[in-house]
Amino acid sequence: MSGDSRLLGFWYVLPYLIGLLVFTAIPFLGSLYLSFTDYRLMQGASFIGLENYTDILTRDRTFTRSFNVTMLYVLITVPLKLAFALFIAGVLNSKLKGIGFFRTAYYVPSILGGSIAVAVLWRYMFADTGFINMMLTSIGFEAINWFGNPGTALFTITLLRLWQFGSAMVIFLAALQSIDKSLYEAAAIDGAKPWRAFFAITLPLLTPVIFFNLIMQMVQAFQEFNGPYVITSGGPLKSTYLLPLYIYEMAFKKFDMGYASAIAWVLFAVIMVLTLIAFWSSKHWVYYAGDKRS
Amino acid sequence: MAQLSIRNLEKVYGGSLKALHGINLDVKDGEFMVLVGPSGCAKSTTLRMIAGLETVSGGHITIGDKIVNNLAPGERGIAMVFQNYALYPHMKVRKNLSFGLKLAGEKKEEISRRVQEVAEVLEIEPLLDRLPKQLSGGQAQRVALGRALIKKPEVFLFDEPLSNLDAKLRASMRVRITDLHRRLKEQGQSSTVVYVTHDQVEAMTMGDRICVMKDGRIMQVDDPETLYAKPANAFVAGFIGMPEMNLVDATLTRGESGPVVTFGDQSIRFGAKLAGRLEAGVGGEVTFGVRPQHFRLAAAGEDALTAKVIKADFLGHEVDVHIMIGGQRFTVVLPVEDYRKAAVDGTIRIRPEEDRVFIFDRESGQNVSLA
Amino acid sequence: MSDSVTHFDKAIDEAEKYLAAQKRRQTVSLAIRYTILTVVGLIMLYPLIWLVGASFKSNTEIFAGAGFMPVNPTTDGYVEGWQTSTPYTFGRFFWNTFLIIAPKTICTVISCTVVAYGFARFDFPGKKILFATVIGTLLLPNVVTRIPQYLLFRDLGWLDSYLPLWVPSAFAGDAFFVFMLLQFLRSIPRDMEEAARVDGATSFQALIYVVVPMLVPAMISVALFQFMWTMNDFLGPLIYVSSVDKFPVSLALKLSIDTAESFEWNRILAMSVLTLLPSLLVFFLSQKYFVEGISAGGVKG
Amino acid sequence: TSVASAADLRMSWWGGDGRHVATQKALDYCTTKTGHKVKAEFAGFEGYLEKLTTQMAGSTEADIIQVDWPWLFQFSKEGEGFADLKQFSGDLDLSQWNDSQLAPAMIEGKLNGVPVSVTGATYYFSDEIYRKAGLELPKSWEDLAAAAKKMNPDGVYPFDSTRVILMLMIEAFAAQISGQEFVKPGTNELAWTAEDIAGALKHYQWMVDNGIVRSAKDAAAVGNVEIFDDPAWVSGRIGGTYFWDSTYSKYDDPLTVGKLVPAAPLKIEGAKSDGVYKKPSMVFAISRHSKDQKAAAQVINCLLNDKDAILILGDSRGLPASAIAKATLEEAGKLTRERLDGAKIVAEATGPVMSPLIEHPSVQEVFKDVIEQFAYGQMTAEEAGEEMIDGLTRALRRL
Amino acid sequence: MAQLSIRNLEKVYGGSLKALHGINLDVKDGEFMVLVGPSGCAKSTTLRMIAGLETVSGGHITIGDKIVNNLAPGERGIAMVFQNYALYPHMKVRKNLSFGLKLAGEKKEEISRRVQEVAEVLEIEPLLDRLPKQLSGGQAQRVALGRALIKKPEVFLFDEPLSNLDAKLRASMRVRITDLHRRLKEQGQSSTVVYVTHDQVEAMTMGDRICVMKDGRIMQVDDPETLYAKPANAFVAGFIGMPEMNLVDATLTRGESGPVVTFGDQSIRFGAKLAGRLEAGVGGEVTFGVRPQHFRLAAAGEDALTAKVIKADFLGHEVDVHIMIGGQRFTVVLPVEDYRKAAVDGTIRIRPEEDRVFIFDRESGQNVSLA
């Protein structure tokens, strides 16, 4: 605007910049530096160049294992969670009486967060004699040893996160409400059945939000720590030993802070690359309403 | 055969709000029917019930010879053009056009043939690979039209399709739509149209017949000329015609030579030939109506109304003159030159054209001056 | 002709019947929808129900099964849990939590709004890079920044105070919220701000008097998220707060859990229930704004 | 003790409610006694290590710190991490501990902490479950195998060994077989051989095959829970297990049937010792950054060696190691029979003095991983033995 | 004194898109200046630069005798009314009105006096305690007007303030705004107005002068009558007047008695008195222009054009007749009765009024027929 200095905007983001420099940049760069050192807590750090990184990438079998598990986890959890959150948002996107109560109820799992009760309850749900197995056997399936099988343990954590779909759901819900109803009417006149309208209209129009949630959920999934820490402690056979847990144990159990930092930065790079890929690919599948100008 | 008929159609919203009070309407095969009326009179509601987008609370709707009350919108053989176009924003124009056909399971070649055909008719071929947001208002409107056209429906439904366009575009799209309607009719295709608008110019220029609605009831259904010449009541009279008809409170008495209309401190005498027509209202407090175009400058000495000019809007070929007579405000349309000559000291002397005045019952609004 | 008339009458009859059937179907479908909502809702809520039930159980009963009805209900968990093993009652810890949450939430909302406004409405040199760091800070696992950060706050002399917990938030340190508010702002038309500028407001006055009131729903969303996350945050207070009298509830909850010793589950569960109450209440009361808030923003990518 | 210079101190510990209450009371008492004000900083176990680590890294730890024994060596590799308590023998009466008790806390000749209690692992059986099955409490592995035959049909196992416990037992078996500490004394060099470990694993396999214990997979089905939170344990479907005697109540309290009775270590064939190693369950250390280490030593002395304080603390940190404390509590009848019996069994058992390295996370990780892989049938005992030696050698080298 | 002058004003968007090409414009104190032009011609851009909402890329803007280029919008002594009103949605009407005064630090009593005053003038007193969302379109528009009025600015800026209203409301608000402008002027208050619209009826009826723009350039600035009677070029001619002026390709030659205009297979001869005016274009390929209102039915035997009627839009008092002459499409406006009488076998014989025709250069579009 005329009369405004070109630096005006800068003053508004100044708090962020200060915060960034003072509270974030130093720890960030600190950990980056440490990743190039052999730093055992309580002992000094000695610079060792890329050694941590070459170790991680060439020698560390636990890292490889953990990395694969992490990728698997992200690959399963993120799409499932997005789909589930979207589905529930669709159900809750109605004008029924008392819908506020239901929305709250469906959000409750997210409020519970990492509460102890959740961990305890999860054990009951998936224990050999737990609720899930009771259901399975009652409809004629075999009971499954959820926690004991390397193949299924990861899934229990996935389910925990699925169940805590609240924030993604709320965002979807909001986006659903902003879709122009007349598009559905036009589709109905074009002869589209509801499910068809969902795939032809709803889904494409939600892509910006799907994208937003995808990025956020991906970041969250890559940093999943509480689930395996509380529910499976990484086992069995490291089948739920996600990278953040590995980093944590490396740093706070083995006190190998330099090495832990290096793993963290490798993880950072992976997320960064995936995020960039997502941003880049978004051009091809995300439909932005945006106005004509700008 | 695609006549549309509506019998005792009712709509109740939320269990209590009665939006439509059992209307009856017949639209002939190939007819262009315009629904007009002020905002909230249930034009859209009616249209949407025909389309199947609103449930019917009572009565029934027949398209061709099928009662369609219980059919899904896609099965009624209708197509609809929305006020905000409702183009699928994420699909290119081509896909917007073909979506309906694809759902109907048409063959690929047939689809692309029809798309091509429609695109040619509407001159939107260069736009086929654009997204809706890359279209101007008029272009988007044509695509919306194409989406309806391509389905070859039995009945076209339009809900204020032009109200988002600017004046110029509106005028040209108006012509385009009527042209198209004529062409379809000539080709023997089904082309029954129900067209909702609140712009009376659209109504007058486009409709074969016009249905004037108010508060969920039909006021009058007639062709434009009849509606203009013989409005059934003050509401229709005021609604049709631009600038609006002057409708003022007046007293109608019997004078020596014929009826006398008095408002405020002025009165005007009419000749005997009006006596018959105005008889019904004589002696009462009535609403007196004359269209702005139906005043003429009074000759010297002629019985006339003396009007104080408040403001004159120059419109190129004519002038909208805002005047006061007997404390009531009137609008008069005069040719530029006439007005220039006549205006003296800010007053003009004018007279309504005798056979063009109306008398309405003050209470019911009924036109009591129809021959 | 008369044939077609009777045919027509029949059709009308059918239509009427159809109308009635339709109404019935609507009622049935409504019932089905409520049933599904309730059943799934119960699954969602079950942990909470179980938690409430278990908080009235005795310790051994808690581990006997997954039912929620206590056999011999007891309020011991609440009574003892409230007393705690410290010189303070749980009320004190709630108060402490409030002392953290209040400044943190308020500062977050204010700073993130101002910063998001700067990013959304102005162009300035280096904006793109600065914005990239907003996303970047979300990506690094914070395990490895914990110690450098601790050293920083030690040098600032902020240990054993609440400052490390909320001061970074006061500088828009929560990238997620900046990002979220930015999305909201992008979808609010600028006309009102321009009108205010023409009315003589500075850009800051336009922010305060015009943008903020329109952004309120979004800001409520931010406040809510921040409220709930802070309520649950355990590690932050653990690291920075040492004095027991300064503990927030999240810490107090785990005060008596020692893996090398048996402990009173029902107390912990009882206090968990109390700890969840504020979040639940706040969410329920504001879910309307919460949802509307985000929809006003329409989070566009 | 003098009140000459009153100091302001901080003390940090983890624990449960009982310990918190008792310790705060004891500190109050010691304040009147020593004149030093002590600010209590306590929390649950979760996160305590992170917090302590962070504080140590920032030199902001409390003056008096409760430290888990194995952590001592991580924080104080050269013995410099904490104050050397020998310097304060005037204030802290070290004579209440014998040398074998203090030795595990000595690093490079410096006493980094005083053991609060000493503990060792042994076998415990539930009297009620064996009584119901009409059996005596087992005295050998054969007894257990016989018991399994009798109990299994009812869905009951005579014993349990999973997770940490399994690891402890494998270590104990290996110690029994080899008869020595797992590293050569005072070095980082492995003393156990692949055969020792294979033997230990084979015995475990035998236990599983004979229905004495649940397989690792079956036990894991309840999720990431310790045996004492396992419904099978709580509801009395498991006849006994193996644990540190100081943690008795943790296992006994949840039991809905019967009571746990300690038993002498069971030996496997060809055992050269009982394989029981003893360690301080935790120590009190003094920060090397403390401004008044002397005062801190006085407070520790008060907590561990003052009769009144001892009575206040009771067994909130297990059976005290300090001689006077143990005597005082016994005298006051504050210790149950089971605890005393357990302690006695441990005290009498033979076994190597174990290097703290065995509790180092990197070492434990190797143990856990390989044992788990073996238990899941992913390798034979021999392969596992090799793998373990391999892993341990590498881990030890990196320390 | 609040004349506004614009010198060589330029606007470049995003470093490359030149939206405004150095325009010059002077608006006199108290003058009502209307900017019209098709969408995208930079009307809004110009207005927003005057307001200070857009930075100036070149040239300068003077209000009164101050160059305002570098002043914040609030310091320029202007007030603006936005197309979508831009009322502060969270403030009651009263606060919407008083916000600017409060910012300016006016005293409470003064503020409430001014609010009262404005509310009376605009008849929005009953609305003072409502929120914007509780207002109808017309009411919101009046409030927006009030918000501008209350500041007693030196210059009022309007950006298509009526385009969101329906036809009826638009007409009445038009009257209200001009009334208001007149009243302010009478009271001697500053009342310079710059009013952007793309509706030419608004432009014609409201503007003291009209500035017609196209593609970031000014085409003509004149009072409505001059613009109508003497358009500087084909663009202005086509833009002003409703229905649009007929502009067709034609050949102009010199005939016996005067100029002859030929299009397709038809031609029409004009009398000698036009010779002088049309001389300039003679002999060339020109664009020939006549307004629809400036045709009349030809008398029998008179030289005339024979037109095939395509369609006649009945508008109540007159008919828009769409016709074809020599392969080109024309629109003609005729009184209803005249048209009825004249139309024979779908053709009519018509003739342009001699002194109302225009000749434009085919290339440059310049009007070459001005006297």
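Quick notes on this one:
Labels A, B, C, D and E are assigned to the chains in the order they are written; within every chain, residues are numbered from 1.
Convention: a contact is a pair of C-beta atoms (placed from the backbone, for glycine too) under 8 Å apart; a residue touches a chain by one contact, two chains touch by 3 or more.
Predicted, not measured: the structure shown is a model, and the values here were computed from it.
Listing every chain that touches subunit D and subunit E alike gives A, C. The most central chain, judged by the distance from its Cα centroid to the centroid of all protein Cα atoms shown, is C. Counting contacting C-beta pairs between every two chains, the top pair is A-C.
Rounded to whole angstrom units, the spacing between the C-alpha centres of subunit A and subunit B is 56. Chain centres here are Cα means. That of subunit B falls 53 Å from that of subunit C. Each chain gets one centre point, the mean of its Cα atoms, and the points for subunit B and subunit D are 92 Å apart. Each of the following residues of subunit D touches two or more other chains: 50, 53, 57, 231. Those residues of subunit A in touch with two or more other chains are numbered 1, 4, 41, 252, 289-290.
The multi-chain contact residues of subunit B, meaning those touching 2 or more other chains, do not exist; every residue touches at most one other chain.
Pairs of chains in mutual contact: A-B, A-C, A-D, A-E, B-C, B-E, C-D, C-E.
Residue ranges on subunit E touching subunit A, taken from their complex, read 49, 52-56, 69-73, 75.
On the side of subunit A, the complex with subunit D involves touching residues 41-43, 119, 122-123, 126-129, 145-150, 230-233, 235-238, 249, 252-255.
Contact residues of subunit B toward subunit E in the complex are 39, 136, 163, 166-168, 171, 175, 178-179, 182, 198-201, 204-205, 224-225, 228, 240-244, 291, 293-294, 311, 313-317, 320, 322, 333. Across the interface of their complex, subunit C is touched by residues 1, 4, 6-13, 15-20, 22-24, 26-28, 30-31, 34-35, 41, 88, 91, 94, 96, 100-118, 120-121, 124-125, 130-131, 163, 167, 170-171, 173-175, 177-178, 208-209, 211-212, 216, 219, 223, 225, 243-244, 247-248, 251-252, 257, 260-261, 264-265, 267-268, 271-272, 275, 282, 286, 288-290 of subunit A. Subunit B meets subunit A in the complex at residues 48, 51-53, 72-75, 78-80, 82, 84, 86-91, 99-100, 103-104, 133-134, 147, 151.
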